[in-house]
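Same chain, two partners: chain A is paired with chain B first, then with chain C.
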Partner chain A sequence: MADETFLSDDLLRQLMSVGEVDLLVGILSHRSANTMRRAAHYIEKSLQQNFVRQRMAVISVDGGAVEDPGSDERYGDGEPGNNSYSKGLSTLRTIHRITAAFNGAPSPGLALRTILSSSDLLRAKACAVVSPATSSTSPEWVANLLRPAFRDNFDFVAPLYSRHKFQGLLARNLLYPMTRALFGRRIRELYSDEWAFSNRLGGFCLNEDVWHEEPVRSRPEAWMGISALTSDFRCCQVYLGEKPPPPDGAGPDLVEVLRQTVGSLFWLLETHQQAWMERKGSEPLPTFGPDHAVTAEPMELNRIRMFELFQTGVKELGPILQSILSPETLSSIQGIATLDQNLFRFPQELWVTMLYEFAASYHHSVINRDHLVQALVPLYRGKIYSFLTEFSEASAADMEAVSENLCLEFERQKPYLTEKWKAGVEVKT
Partner chain B sequence: MRVTIVQGLEQAYYNLVHMIAEFLPRLLVMLVIILVGLVAAYLLGHVFRAVLRLTKLDRVSEDAGASRVLRMADLPSMTELLSRSVFWITWLGFILIGVSVLGVAGLQEQISRLFRFLPEVFIAMLILFLGLVLANFLSRAALLASVNAGVRSPKIWSWSIRFVIWILAISMALDELGLARQTVLAAFSIVFGASMLGLAIAFGLGGQDLARRALERYLGNSAKEKYKEPQPL
Partner chain C sequence: MALQEDNLWYKDAIIYQLHVRTFCDSNGDGIGDFVGLTQRLDYLQELGTNTIWLLPFYPSPLRDDGYDIADYTTVHPSYGTLDDFKAFLTAAHNRGLRVIIEMVMNHTSDQHPWFQEARSSRDNPKRDWYVWSDTDTKYQGVRIIFIDTELSNWTWDPVSKSYYWHRFFSHQPDLNFDNPHVFEAMWEIMKFWLDMGVDGFRLDAVPYLVEREGTSCENLPETHAIIKQVRKRLDEFYPGRMLLAEANQWPADVRAYFGDGDEFHTAFHFPLMPRMFMAVKLEDRKPIIEILDQTPSIPENCQWCIFLRNHDELTLEMVTDIERDYMYDEYATDKTMRINLGIRRRLAPMMENDRRRIELLNGLLMSMPGTPIIYYGDEIGMGDNIYLGDRNGVRTPMQWNGGTNAGFSFADPERLYSPLISNSVYGYQVVNVDSQRRFSHSLLSWMKALIKTRNSYRVFSRGTMEFLRPSNHRVLAYIRELGNEKILVVNNLASSAQAVELDVQQYKGYIPIEMFGRNLFPRFGDLPYLLTLGPYQFYWFRLRRI
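Then we have the complex of A and B:
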């Protein structure tokens, strides 16, 4: 049952006016009226084309959308940019429009909680969440996300994208292989802006008392996905299409991304430790459409600066890394940091061992946890430099093989993490 | 004359015997109090040590960076330091009570002054400890932020923050103890003011180009110079 005490009177009034629906689509606002209109347009188009008999609603969780400078007004009626997505209720067929307004942009966690509560009160059978920031969103994306949850009784639907081989490097080198090895299921895009879920999973998550936790406030989708995996809900993946990179300068910087995603993953390891410790190996998930795709066009990147930041980090953060890593691992990292940049390689085994030691140190709180995750940033830069150098000429098939090898290395070393995790913290006196 | 001398000696002997008769029981009581205090202090220290080990204070101390400073000063671990402090403070309290039983004139006043001063000593120690913890936490945060942002000489920022907080904590602790209040205040103002003035002059005269570049960067005139990384997600 939804705890509607945090919902505003205005939102409750709108929800009561709507009554019940079959499908709900939530839009996480990015304070941009134009992108909101575009997303709303695609969602409504998708619902009209693919779910003609269902009762539907679209909820925009809005932090006070502002007009983009130079807002594009070239679209006609029903097209993005025509101000059709205004606050309040207006019915088009059976699609209701709901706006949950906040003073200032709500955290992603609060936005998801609002969507879950609304979904619960509207008794929606399936719900999808989309981000207007994704420029390639199309009507097919929304339909593809909703279908497995609505028609095939899946509880959690994760997206699959087509990406350039040097995009999503954190997901490729850390988040995906580590999640796969530990939780035993192969979800490629756990940290994504689009996903869908059933009313069963929505109700389950809504009743969890974790909404005040920072990892849930910042990356609620990962927590929801892991909750689904570990509580034996039915999960699947669905191919959506190409995911272009955000424009330069958009989105948080690397440090903030690592704090949110890696911090969230380490926290999830702690809160679900019984579930991951018992699992062995990994299983693929049912997948709708083609599997993810990797493209390999040439791309210009500034790698030298990345290597410099790695070397400086290893040198300056020595005492901090000493309290996180074992002496052998630290010594190996300090050893490779002295190599010439043309000869430098970050071995897979060392990368995995190091990450597992970071996770165990996070668990044992050897230093402040936020500081611990920040200490990972220079090492991640070193790994990415090595990755970019090593695979600059690699084909898409080569990249897949490399990715698979890394996943297997994470699985092979899992007992090491379990051992470090269970070991008592060694206080250096 | 002779009688007077004999009477005087008798009186002195009588006084001495009387004093010894009065003093010996007090001395005995003092020794008993000190001995009981030793046992009580030992037990209290032992219990305190066990409680601190249960609460894993050493881990918190390690996290806050306080243990590193203790090691640098060749001091034992935080648990050991606090439990030894409890032992000595308890025993010292008993010793002072025992000495006061002797009833030596002038000593009573000094002992009571010492007891009145103890709370201030504790508060000063607490201020120093909190300052130490805060300095380590903030200096580590500054070091991480500087390293990750690619700032040159990140340790300078980290040590500057640590130094300023230490100076502030020491000044506050000395002020709490009431030791050379005016001198401490003046010294702090001079050191802090001189540091800031030095930085301002160094940045203003020696780093005009750096200041201009920094301002341009923050005002967005040279956005192209900003380092771009591959998208992590």
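Then we have the complex of A and C:
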């Protein structure tokens, strides 16, 4: 059950007014109340068109909420979505609006916990979580995510996107193949801004005592997905379409991204150790719509800086890498770091070995875990430089083959991780 | 009790709708009649209604429940004589009950002498009283109303070898109001009944009086001109009499039939009715709020007429396709329950005989702005018989007692115009007036109390209405206000208990007094007013500043 003391009186009052719903949509954001209000209106429209009879609510959870100074209206104020009968549209019921704002540092985990608690109290049969940015551009995604959980009894619904071959590089080269190899299920987009879940999974996660953990506070979606996989909930993927770029065109800081995603993945390996060690091979998940799509139009990229940062990083982080990696692996990496950039390639096998050694070292806490993940950043840059160079002319089909080979390499080397994981290590200083 | 002198009496009316045939048979022929109805007037007075709306009682082949009139100036022999009607009218008036009768202006029966003359020869003077054509291609695109039975609005007349126009059944030819003689003939008929003392007319099928090429042939300016002419003469020669429009249209379209207060006095609010049912099933006030938000204001001397059920199917013309599908799925799962674009069921069976829901819907009916209409038998929770064909399942004999023929007639049961409802849930042995008179907690007794309360406060019939819109959408709350009279109505549309916080800050200091028990509730203060309501419960509070 939800922890009632965690919810504010204001939120409880709103939930009380809503009562029970079939579907809940949560919008997560930080300091973007106005964007969120826009997104919520798009979502309501999508819900109106796709779930005419269902009882529905949209909850917007904004961390560090800052309202437009010119606006004195909360999202939840007023009567939602009025009909025009002469135009003959619309849902039969009120789409309820709920707002939950909290001050302080951004915490997707705290926001998700608010949504899970609300979903639990509202007894929602299915719940989708979306970002304000994508909801404004692709409101249909909400309905597509909700359907499998609401109508087909799936517990966790992950998205699939159409991406350019050079988009989603972290997922393609690390997160997806490693998750697939270790947890034995092929979820392509575990770290995503949008996903959906059933009331069964929602209730299960709400009762887990993990909400104070940093990986859950920063990337709760991955934790939720892995929890679903390892506890035998029914998981599926649904194709959503082209993932729109971030609204301002600027990518997030790579160090922070790796800290949140790879750090979270390593933490999940620890907390679900028994589950991944028992799994062998991997199985596809039921997928609604086409499997993911890759596009391969030419793209201008500045790779030179990436290679320089790789070389510098290997050189400067030598002592740290020495404590994380085996001598053979470190030597191989130092070797390729000396290559001319035109000849440089980061071999697949080495990449996988290196990552597994990072994971094992994280487990054994050979150094501060945060520093450990940061040490991965230059190596990742090297891998991506290599990837971009190697496959600049590759077709979409070629890219698929490359990805599949990488996944198989992760699966092939899994016993190596297990061995390193179980082995005692000497902590180097 | 004499009739009150008030030209706006229709605003305070509570109308009881009945068919003479269904109410009480005095001569044992198995068909209700005016003598029988007169004998039962005390019941209507006791119930608290003050106006009777009679369905057509004219001579007719009865192929459309009397809306196919063959003679406008007398009474169908099955129902008695004109003298019987006069005696009924006098008796009603003596009890303070007004009487509204049907006037079908749009069409006649094909058995009416006018049509017989018109079809007899193209040169007959009555020929132009109807709408004829050598082809069936005029007025293309005009919708067919009875889609279950009619393929076209034109029917070939083999006698005069031409087509005649009809918006309803093919045996109901439309009159031609472009011919001024038709209007004068209709006015003469109306005068006939007005002179006798009837208090008003329900004008049937109003939007279809005039046809024009290239239009929908509905709601045309020429139709409004005809209504204005009727109203003008009515006001001049018969002040205080009332016209009620049957225009199954969207509120914005019906609004035009009020004109500037110079067309109809009252009109049915058709779209509100299905939305009350929808709101209770959805447990959401949205349908009601939306349709009332879209309802335009009407002139001061006009009034909406609102109802839950009537003699026809529960019409679903004024709903969206999505809403219609929902209503069918929720209230007419058995396809036998459906007819045309509607549902042929009575109130109690639609509510699954749930007393709380029946009360809630009647509470809504009596507290919303408009003149409420009660369909005969619904005040005791009568059932229906969906297997009787057409809409006859909601037109079965009134159930007066548990004895022979439910006290409706002393004829042999086989001779009754319709079988009685006799199943174990709604049968006359269980559901009847006499048994419900005996208990203060019966539906009938409860209805009497409801009507009495409504009749005690003019704010219900003439006051303004303002929604409170609390955040709990399962609660529909509104304030009715007329001068110093203020009533707060709070309805729980849900099957579960609800808490609601009402923003009543502008009424700070008022004390709410529950109107049925007359109990005081805590005074309104600065904070939102918290109320809890049981499943389908509603409160009427009189607000007093003491």
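The rule we apply is simple: the second predicted complex is superposed on the first by the 382 of 429 C-alpha atoms of A that agree within 3 Å, B and C clash if a C-alpha of one lies under 4 Å from a C-alpha of the other, contacts with A are read in each partner's own complex, and residues count from 1 in each chain.
In the analysis below, a contact is a pair of C-beta atoms (placed from the backbone, for glycine too) under 8 Å apart; a residue touches a chain by one contact, two chains touch by 3 or more.
None of these values were measured; they are calculated from a predicted model.
**Student:** In the superposed arrangement, which partner chain does A:Arg259 touch: chain B (first), chain C (second), both, or neither?
**Tutor:** Neither partner.
**Student:** With both complexes superposed on chain A, which partner does A:Val52 reach: first (chain B), second (chain C), both or neither?
**Tutor:** second
**Student:** Contacts for A:Leu309 in the overlay, against chain B (first) and chain C (second): which applies, first, second, both or neither?
**Tutor:** Touch partner of A:Leu309: chain B, not chain C.
**Student:** With the two complexes superposed on chain A, say which partner A:Met16 touches: chain B (first), chain C (second), both, or neither.
**Tutor:** Touch status of A:Met16: second partner only.
**Student:** Figure out whether A:Gln167 sits in contact with chain B (first) or chain C (second), or with both, or with neither.
**Tutor:** Touch status of A:Gln167: first partner only.
**Student:** Who does A:Leu388 touch here: chain B (first), chain C (second), both, or neither?
**Tutor:** Only chain B; A:Leu388 stays clear of chain C.
**Student:** Touch check for A:His41: first (chain B), second (chain C), both, or neither?
**Tutor:** A:His41 contacts neither chain B nor chain C.
**Student:** Mind working out whether A:His272 is in touch with chain B, chain C, both or neither, as first, second, both or neither?
**Tutor:** Neither partner.
**Student:** State whether A:His96 touches chain B only (first), chain C only (second), both chains, or neither.
**Tutor:** Touch partner of A:His96: chain C, not chain B.
**Student:** Touching chain B in the complex: which residues of chain A?
**Tutor:** 166-171, 191, 245-246, 248-249, 254-255, 257-258, 261, 301-302, 305-306, 308-309, 312-313, 316-317, 319-320, 323, 364-368, 371, 374-375, 377-378, 381, 384, 388, 425, 427-429
**Student:** In their complex, what parts of chain C are in touch with chain A?
**Tutor:** Spelled out, the residues of chain C in touch with chain A are 250, 252, 271, 278, 282-287, 289-291, 293-294, 320-323, 326, 469-474, 494, 496, 498-501.
**Student:** Tell me, which parts of chain A touch chain C in their complex?
**Tutor:** Touching chain C from chain A are residues 13-14, 16-19, 52-53, 55, 76, 79, 82-86, 88-90, 92-94, 96.
**Student:** Would you tell me which residues of chain B are touching chain A in their complex?
**Tutor:** 58-59, 62-63, 67-68, 71, 77, 137, 140-141, 143-145, 147-150, 154-155, 223, 226-233
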